[in-house]
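Following this line, the structures themselves.
Two complexes come next, and they have one chain in common, subunit A, joined by subunit B in the first and subunit C in the second.
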Partner chain A sequence: MSTFKIGGVHPHDNKIYSAHQPITECPLTTKAIIPLVQHIGAPAQAVVEKGQKVKVGELIAKAGGFVSANIHAPYSGTITKIDTTIDAWGMKMPAIFMDVEGDEWLETIDRTPDVIRECNLEPKEIVDKIAAAGIVGLGGACFPTQVKLLPPPGKKAEVLVVNGVECEPYLTCDHQLMLEHGEELMIGIQILMKALGVTRTVIGIEKNKPDAIARMKELAAKVNGVEVMPLKLKYPQGGEKQLIDATIHRQVPSGALPIEVGAVVDNVATIYAVYEAVQKNKPLISRVMTVTGKSLRKPGNYMVRFGTPLTEVVELAGGVPEDTGKIIGGGPMMGRAMNNIDMPANKRTSGLLFLPENESRRQEPENCIRCGKCVSACPMGLEPYLLSKQAELEMWDEMEKHDVMDCIDCGCCLFTCPSHRPLLDYIRMGKGKVGGIIRARQMAAKAAAEAAKK
Partner chain B sequence: MKKLIVAPAPHAHSGDSVRKNMLLVIAALMPAYVVSVIAFGWGALLTALIAVAACVLAEWAIAKYILKQKPTICDCSAILTGLLLAFNLPCNLPWWIIVIGAIVAIGVGKMTFGGLGQNPFNPALVGRVFLLISFPVQMTTWPRPLGFATQYVDAETGATPLFMLKQMIKSGDNSMLDQMPNLWDMFRGMIGGSLGEVCAIALIIGGLFLIITRVITWHIPVSILATVALFAAVTGWCGALPEGLCTCEYVAYELLAGGMMLGAFFMATDYVTSPMVGWGKIIFGVGIGLIAMVIRTWGAYPEGMSFAILIMNATVPLLNKIRPTRFGEKKK
Partner chain C sequence: MNLILISLLVLGITGLVAAILLYLIAQKFKVEEDPRIDQVQEVLPGANCGGCGFAGCRALAEACVKADSLDGLLCPVGGAPTMEKVGAILGLAAGAAEPKVAVVRCNGTCEARPKTSEYNGVRTCQIQHNLYVGETGCPFGCLGCGDCVAACQFGALSIDEKTGLPVVDEEKCTSCGKCVKACPRNIIELRKKGPKGRRMVVECVNKDKGAIARKACLNACIGCGKCQKECQFEAITVENNLAYIDPAKCRLCRKCEDACPTGAIHAVNFPPRKPKEEAAPAAPAQNVEPKKEEA
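Take a look at the complex of A and B:
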């Protein structure tokens, strides 16, 4: 069985709490807050005004640049204001506030449960439809999907790699999606293959989801060029570069994008959104979220419309458990600890994890014993012990020479360190600094080149 | 709602700890220690006890009264150093020599550099080599293994296999050949020597346990043993062996005798003083194997593992410059 070649760790997968819980619709809220930053790139620009009435699926904010995404009304009702809200990390962000009235959808959206198989659109039309629907990578990065479908000149996509790995412990939303909507996924895959002009697709699924592997295999057998590849359990296999290595055995070079080796990676949740957008005219207004934790009363997978306060989703799952010490947006390896759950669900919220108090604190760091376990664990082949020391000593140039910018933030180093050293914290800080230095240097070089031209 | 804990990711940990690693190594040393107690009786019990107690006490006192830090004896590293030091000592060593060894090991070998993780040289070996140079007679007089009947005072001592091999190769005289212990005895461990040198099989079991539990990797032990085996084989093929000793036997003697197994599995693999990356570890192991064999063959001492490991310890900062293969690096 295949997996990526360098490093990796084996965290306990803890998926039993929410695995195989059917996807449940979250009830409608009464007051929705829709953030305008739900993706990587420029914030979306609001195109509605205070007092305006909107239907579900109507465009309320336009992409603010090439790398940006449209945002649609997840609810019907009246826009009350366009203001800033505070997210779960205390940062301000622009948002549209609305009062929900009824549940009136745009007539163009097909709300029937029928599966639409035919797709006669041209590749260009498919990409436009995906862009219009505001689809972003729902695996975590939230990178606008249409940008990936338009390879830069000179680059050609050869393989579509489908990410059904879900390597983050606890999360089960992608697993459940594959079980319940496999057919739609397969159609979504064919649409993307057409848009990209590729003839081969590899679906990577870790072997802890045998039923999803079986289901996808059964469906893939009927489609030309689609292959399901069971993968060994290893974190961070869902990382884009690691997944390409595991499935098609090509390594994306440092600093390059997957298209460099002819691959385009999309998560299953994204592909489901593509299906809905292209075949059902339904823009991205909701997603499946895993709400889970050891002490949660009803852990499960919930279909949540964006703008719904997370508190309501949590109520559905049985409320915040007594012993909660930490609430994490996403999984335990890369998710972010939140200081409140008042913020609304959005494209980024793939999961909510409640960790009990006794699992919420890191242990006291001890001296580095130079065991080298962080080096063995790093999936990018870096030397975390060295980088963190260099960051402590503010040796930015040395950090750059030791390829700190290749770090993917996966957390394997800190996870594995027997001395509980805050390796990734230092590396992250260094990466920020080095990134700044590199950008400044590029700007200076550009300015110098322009000055020379004149 | 009560206050939530906020911290950067990851929010999970493998559960590994310094203490756990140290305890696993101590556990891996136990089979060899049991054999050693069977072989040497009270001497083995007392030597280890004194060495461990002295190391722990030395670390605690130095941290508390000289460095004024919080003592870190709970990480069990001092216990391990003490045990490894004891493994490198004869069982009839006077208690005060053991205490001096322990103080040098912890004081000079470890705490002068700032404690755990900072020392360039293996502390237990620093202690042993200090004693070997300061008390050469006591350190090279090994009682015969007679269990609890072992004579500690005026112990009946014998020439070690390594000493005899060296003499035979130097002189070409094979008269000592019948005094050599047979290979099976060396393997199961009923020969004279330091506490941890008596039983190869027990050390190998412990070493494999460490590799299986992923405390150490295979790189260092395998590269050391392979280098030693190859060196010995080449010596044999060159016709340097006395008559009656075949190459295979000679290779087996070199692998099983002295501190080879203890050094390869337990001393050279010390985290702090060995390289971090695969290739660095292999070069480190090859270096130890070569230096040990050069000392065994031509040096003034019959055994060279301690010196070989200490010399290679000094190269570790350099070996750590070897980078691991980066993801996406072009292989050409």
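Take a look at the complex of A and C:
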């Protein structure tokens, strides 16, 4: 059984709370707030006006650039205003507010449960349809999917790697999706293979989901070129570069994208969205999210329409447990503690985790003992102890030399540190600073080149 | 005997030749430098804080020597006395620079700004600011981890435990500007000290709309514009829901302070320190001497 070569840690997976809980539809809300930033890249531009009536699936905001994504109405009703709302970390973000009236869908959307297998579209048409549906990578980064499907000139995709790893502890939404919608996923995979012009697909699934592996294997046997690869348990196997290493044994160079080694990685949730967009004309207006925690009354996997306040989803799961010390958006490793749960669900919300008080405290940091555990744990081969010290001392140039921009924020260093040093906190700050310096330099170089032309 | 003589001779001659060579080389590659640079550097404080805008004291000394007049060149640490000494060395009149002081533009005390969450990460403002809004609901206000205190080389800043806000010791503050750069939320501003250290300051940088700002903090500037209307000297501008008092125009009349519904405007270093008790005696005083008003 294979896994990626460098680093990694083994946190307890804690998936028992919500595993095998069937995907439940979350009831409709009455007042929806749809954020305009639900993806990496430029914010979407609203194309509706105050007072306008919209139906479910109607385009309400269009992509604000090449790396951006369309946003569609998840509810039917009247737009009340276009203003700013507060996200889970207390910062402002632009959003469309609407009053929900009934549940009226666009006629073009196929809402039947039938599985549609035939797809006679050309690759170009498929990509256009995906772009129009506003699909982004639902694994966490929310990178617009159509950008991945258009390799830069000179690069060719050879393998489609499907991410069914779900290495993040506690989260089970992808697992449940594979169990319940395996057939649709297979069709989605075939659509993507056609769009990319590849003949080989590898589905990576960690071995703690034996039923998902069995189900996908059974389905993959009927399709040419699709292979299911069970993987050893190791975090962060769901990271793009780690998954490529684990499944097809290629290493993506520093600073490069997976297409450099001929791979395109997509999460199972993204592929399900692709199926729905291409075969059923349904844009991305909902996602499965895991709501879980030790003391939660009804942990489970919920199908939530974007714009639904997270508080309503929490109510469905039995309300905030009394002993809650911290609420995390996403999983415990990559997720961020939230300041409030009034935020609406969106393309980014993959999970909500309620940690009890006794598990949510960070321990007092002690001195670094130079044990090197963080170095062996880093899946990108960096030196976290050094980078964190450099960030503390504001040595930005040195940090750049030591490849801080390769850091994927996985938190393995922090997890493994016996002195509980806040390594990632500092590295992340340094990454922000160095990123800013690099961007400024590129802008200056661009300006200089333009000046030279004149 | 001979041996000693020969060694002495050889060494002596070698030394002499080397000395002549070194002298010639030193002459050939001599760097012409104004000796006054050293003299000027001598009188500068030598803190190398960069508050003057140059990279250390020597750079300022060089700039002073090169300059035709000292206008615009100021060592904020040494202040006017130091610049007078520099002027004496160079035979120039010291520029008329007004003394400045660091001002913390946030009065979101613990009572006014209740905590909405608890920050459990590294105790630096920079990291907390990158992560989220902070422990209170105000996305503009002081985070209270003391990045400014750590940045100050002169011990002029400290965190008041009661309010959770940094306090500037005006005696010690040299207005070098390190704290201004250290604050990730740009709360600290260098303002002119004002006559007898008196000045009017809007102690808030919240640019949210009134209701939102008020919800986050009782002492927030809500951008109502009352101070602007009250000000007779056009010293106050309200932009992005935030009032700002231009120290150059303010005549210290304190009307804005009374007009402000949230108490965001503070009068600093006025004789009776508590505003409410002051109001009565301060009023007649206003008529006697023209005071400056900042809102």
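One rule holds for everything that comes next: the second predicted complex is superposed on the first by the 454 of 454 C-alpha atoms of A that agree within 3 Å, B and C clash if a C-alpha of one lies under 4 Å from a C-alpha of the other, contacts with A are read in each partner's own complex, and residues count from 1 in each chain.
Heads up, the rule we're going with is that a residue touches a chain if its C-beta (ideal position, glycine included) is under 8 Å from a C-beta of that chain, and two chains touch if they have at least 3 such contacts.
Model, not experiment: these values are computed from the prediction.
**Student:** Should A:K92 be classified as contacting the first partner (subunit B), the second (subunit C), both, or neither?
**Tutor:** second
**Student:** Regarding the shared-chain residue A:M380, is it in contact with subunit B (first), subunit C (second), both, or neither?
**Tutor:** A:M380: touches subunit B, not subunit C.
**Student:** Quick check for you: in the superposed arrangement, does A:Q251 touch first (subunit B), second (subunit C), both or neither?
**Tutor:** So A:Q251 only meets subunit B here.
**Student:** Which touches a greater number of subunit A residues, subunit B or subunit C?
**Tutor:** After superposition, B is the partner touching more of subunit A.
**Student:** Is A:N340 touching the first partner subunit B, the second partner subunit C, both, or neither of them?
**Tutor:** both
**Student:** Of the two partner chains, subunit B (first) and subunit C (second), which one does A:R361 touch, if any: first, second, both, or neither?
**Tutor:** Both partners.
**Student:** Should A:G432 be classified as contacting the first partner (subunit B), the second (subunit C), both, or neither?
**Tutor:** A:G432: touches subunit C, not subunit B.
**Student:** Which residues of subunit A are in contact with subunit B in one complex and with subunit C in the other?
**Tutor:** 89, 336-337, 339-340, 360-362, 425, 428
**Student:** Which part of subunit C faces subunit A closely enough to touch in the complex?
**Tutor:** Counting only subunit C, the residues touching subunit A are 116-117, 120-122, 126-127, 130-134, 137, 139.
**Student:** Give the list of subunit B residues in touch with subunit A in this complex.
**Tutor:** Its residues touching subunit A are 1, 4-14, 16-18, 20-21, 72, 75, 115-118, 217, 271-272, 274-277, 320, 323-330.
**Student:** Could you please specify the touching residues of subunit A with respect to subunit B in the complex?
**Tutor:** Against subunit B, the touching part of subunit A is residues 6, 9, 11-12, 89, 169, 241, 245, 251-254, 256, 320, 324-328, 332-340, 353, 355, 357, 359-363, 366-373, 375-376, 378-383, 385-386, 402-403, 406, 409, 411, 414-420, 424-425, 428.
**Student:** Would you pull the subunit A residues touching subunit C in the complex into a rising list?
**Tutor:** 89-92, 336-337, 339-340, 360-362, 422, 425-426, 428-429, 432
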